[in-house]
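In the two assemblies presented below, subunit A is common to both, partnered first by subunit B and then by subunit C.
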Partner chain A sequence: MSSTKIFLKSSDDKTFEIDETAARASETLKNIIDGGCLDGVIPLPNVSSNILPKVIEYCKKHGGDNGSSKKIANGGVDKDKEILPDYDEEEDKREKVRVDELKKWEEEYMDFDQQVLYDLMLAANYLHIKGLLDLTVEKAASMIRGRTPDQIRENFNINSDFTPEEEEEMILIEDEWDDEWAFD
Partner chain B sequence: MDNLLFDELLQEIFLRLPPSAASAVSLVCKRWLILHRNCRSSLSLRFPSARPFPLPAFYSFLSCYPLLSSLTVVLVPPANSTPVFADAVDCFDVAETHSSLLSDHLLLAVASNCRHLRHLRFTPGPVSPSALLSLSFSCEHLCSLCLSSLHPLSFRWLTSFPSLKDLSLMDCGSIYSDDTLRFDSDDYNHHHHDLVSVSFKSESELPLESLCLSGIRAGDCGIGWLWRSCTKLRRLQLRSCEGTGDGASFSSFVRCLPRLQELELRSCRTIVDGVLLRLAEYCGSLHSLLLYDGGSRDGLHSFISRCRSSLRRLDLRLPLDLDNDHLSAISQNIRGLVSLRLQSCCLVTGQGLKTLSSAVQVGLEEFALISCDVIETEPGLLSTLGQSLRGLRKLDLSYNEILRDKELISMLISCKNLVDIKLRGCRGLTGAALLSMFKSCKLLETIDIKQCCRIETDTVESFLLNSPRLRQVHIEESKLTGVAKTWVSQKCIEIIS
Partner chain C sequence: MADHLKTENELERDWANLNLDLLIIIFQKLDFEDLVIGVTLVCHSWFEGSKNPHCWQTLDLHNWSRIVRRFHPNENKDLHLELRPLIELAIRYSGGSIHSIIYPDLCVRESDFLLVAERCPNLKFFYLRLPHMISIPGFCAAISKWKDLEGMDVDKYALHDKILKQINKSCASFTHLRAYPKVYAANAYDIVRCLPKLKSLDLSQSLFSYDSLMYILRGCKELESLDISGCGSEIGDDDTDVHVAAAHLKIFRYDPGPFTYWFCPKCMDEDFFRYAF
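Take a look at the complex of A and B:
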């Protein structure tokens, strides 16, 4: 499908081109386009030229096609369906292939280091791209799950600001809550 | 470096973490500790009874979670635990203190720290109306409350909770058998209203929509006020109740019936007939009725024939009180039934079920025949039922030990819309039933095949592989082969063992 081109300018004054349909994956861009204040180039002072191509790549994959990303989100099954159509095995298979292909793409797309992750998360937040925000937040969460505090600090490049005494006290308290006042 | 992520994004990440990650996250740095506690909205606390209880520690602990909207506090029986705060200065010794006093103190701690609570489940022991009043001052938005018991049994404090929709009281009476303790109950105040200056209005309209009470005794008289004030009630659950708190007259009880939509009566033998009689008379909006263990044959029959409500869901566990006459009354008087569950109904025969199924036909979405002899005594019954009930989405045939593959398969062939099948404890079934299931029921999402000892591991494996929409399986862990486990994790199927 041919579409109007939109131009985006990064914080360091580089211009990038994107299809209007793809740009609509971003709520922020969609509002600017629909608001009719489009004046040639849209400046994005919060997004650098390092990260903007990555964002555009995501939008190209998902713009104008919100259906498939939704279906991944609820496990391939539309639970709200009230009236069930006859079961269509072929359709189910095609859907499965589509979902698998998209998952594979996401896996490759998300293969980058921690600095890119921060930038991408901030850009997704600023541009209101919900799918991309979900992906990046999930990746960050996976860097915490099942890790020790030391491993988490290393992953996120954080220095502890607890004094050794405070830390020891914290560990004691947390252990007590864990054993005695356990969270469900 | 993490300063690049502002608070909201970091909290967005925390929200995706399992509770087990909580202690590691809190130890990363001070900023994470504070942010993590701030975004926690739900907390569940269990602590052992019978040891010195660190009340000050409980206060400061709660104060770290300012945004809690949902809190559970329960006491667990003392086990092998050693007192953690044994040498703390301000210990609160449970053993030497009346348990209602401790639970009141705990409730006050909750009241002074958690101002955003909407849901509270608080069951360390009996609480007093005055402690509940303190709670109402700080938690005015509370909408659901579960308590173990009240001391004294009084409900006037409810007028101070303008948003409370849901109340559960796990034990209305049995702790205090001494009648003097019940002397200042609400009805006492009610009868002496002119003499005693009471700060509450004598009759109020409470916002309560759902009420769950257990253990009302025959002599209890404090509950009449509650019935008269619950004019907006939609859901009522009574468990092990000997009375309704207004003598045998039900004169107060009927005031809560007009808008009722759901009623559950469990083990309430002495009051079931009286309640059903009033229900038929005063309520026209009921759509769901559950009766377990109680009620007489005639009382139930007269309710079904006289019921003005358009009932949609019936759940009955009445071994000796339900027979074919009831089923035929249901098929004549209750049109539009969506769910019918029968448990241990040993007097029901195939003829009664066939009459019923041809009356409700495709409208019925959920059908349960749990531990009912009729399946064993009448071959071909399930096949006939299946042909009538083509709209079924949920089927529960649990604990029919002699149920044979052939019987089940002949029913499933007609029921292509099934999404949920429960066959727990059907020891007669083999893998053949499972194999026919994924051929007939392509929409199946949930299945329970626990305690089906003749179903082999290889058929389970092939079933998991071939059921395209399966989401949840109740089965013993030992029935899963290595291959089956791989499939389960790839297809995101939840195993409940």
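Take a look at the complex of A and C:
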């Protein structure tokens, strides 16, 4: 099945091609397409050519399969009560394989450093691609969980802008946990 | 030109000044302890971002030993941490907008319960498994403050007649109840009498009679989800009376066993939220 092609122009004036069905993974693009304001090329002044192919890769994988991803999300609900008249074991197996394959794809797709993460998160936010935003936000959160402030700064390349006095104060607060908040 | 672009690119990836909306979405994914001793100490702008009440709506203290270890990373001896300062801290950060609180499985003092009632009037859900240090009047006083309370996951101690009556009186939106362990038939009658508008009721791992089951099914007409699994009930698929009475349920779990400890709110699946909220 062939699909209408859409052209996207990055902030640095490079043009990329994407199928309409894939582009619909983005709410922003979907609205532009449905709004009928499509005038050849859609300019994306907030997305650079470094990251746009990565965004397109995600859309290609997820565009047009909204129906079945919903099915995955609700899988297993009402298990005890649900009556499935045309329950198809083969279909169930295929679905499982598909989900596993998608998970593996996501793992590989999300393997990048904090700079790409930053760009991709902003692009997903700007283009309203919910699934991609969730993935990037979750990755950022996982780079914070269980870590000390120093480790977090290192992960995100942030410099501490606390003054030495403030740093001192924080150490004092930490001491307070030992002295006051704890008891023997 | 290339250098100029590069600098600009690096400026763009300034995580310290990431757009506040995104920063808050990330912080919302984090646990209390990661916010308190991680995020707030990274830099000024993250500290400011973390003050947004949306980051603090769920105060999950269930994994208490992990939290204690986080607060004392360099010590190995037996560690203790007071609950109250942590709750105070979370309330301060949240500006009192906490929606759900999951107390650790420690004996919670009445004052620690009333503190949340006083300062977080918008509470929708609480989880409390060791409430035995809270008096019945204290419990009722807290409930009376929570007009928006939608559900609770409690020890059956909290199924006291007076507490249930207080819920009936004060909490118009109360629809979700999970009680544990070993809820008896008498509790079931009180539940139906005081909370006939329940939508979700989870009494799994209880001791349950056929009669009390029928009483609940006939009494709580708005019930959508009922879990009496692990109650040793021997309901078969051919038990017509039960299934007719349960026809209005969307979810009905009645598998008799085995007896299992229920969940840890952090490693659970989404099921918990479907039940709890």
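Criterion: the second predicted complex is superposed on the first by the 143 of 184 C-alpha atoms of A that agree within 3 Å, B and C clash if a C-alpha of one lies under 4 Å from a C-alpha of the other, contacts with A are read in each partner's own complex, and residues count from 1 in each chain.
Here is the rule we use: a residue touches a chain if its C-beta (ideal position, glycine included) is under 8 Å from a C-beta of that chain, and two chains touch if they have at least 3 such contacts.
Please read these numbers as outputs of a predicted model, since none were measured by experiment.
Of the two partner chains placed around the shared chain by superposition, subunit B and subunit C are both touched by A:R145. In the superposed model, A:D92 makes contact with subunit B only, not with subunit C.
For the contact definition in use here, the residues of subunit A common to its subunit B contact set and its subunit C contact set are 77, 118, 121-122, 125, 133, 137-138, 140-141, 144-149, 152-153, 156-162, 170, 174, 177-178, 180-184.
Against subunit B, in their complex, subunit A makes its touches with residues 75, 77, 84, 87, 89, 92, 118, 121-122, 125, 133, 137-138, 140-141, 144-149, 152-153, 156-162, 167, 170-171, 174-184.
Listed in rising order, the residues of subunit A touching subunit C in the complex are 48, 50, 77-78, 80-81, 114-115, 118-119, 121-122, 125, 133, 137-138, 140-141, 144-149, 152-153, 156-162, 170, 174, 177-178, 180-184.
By the touch criterion given at the top, residues 9, 12-13, 15-16, 18-19, 21-22, 25-26, 29-31, 34, 37-39, 41-44, 46, 70-73, 79-82, 85-86, 249-255, 274 of subunit C touch subunit A in their complex. For subunit B in complex with subunit A, the residues that touch the partner chain are 1-2, 4-5, 9, 12-13, 16-19, 21-33, 43-48, 61, 72, 81, 84, 416-417, 442-443, 445, 468-469, 471, 492.
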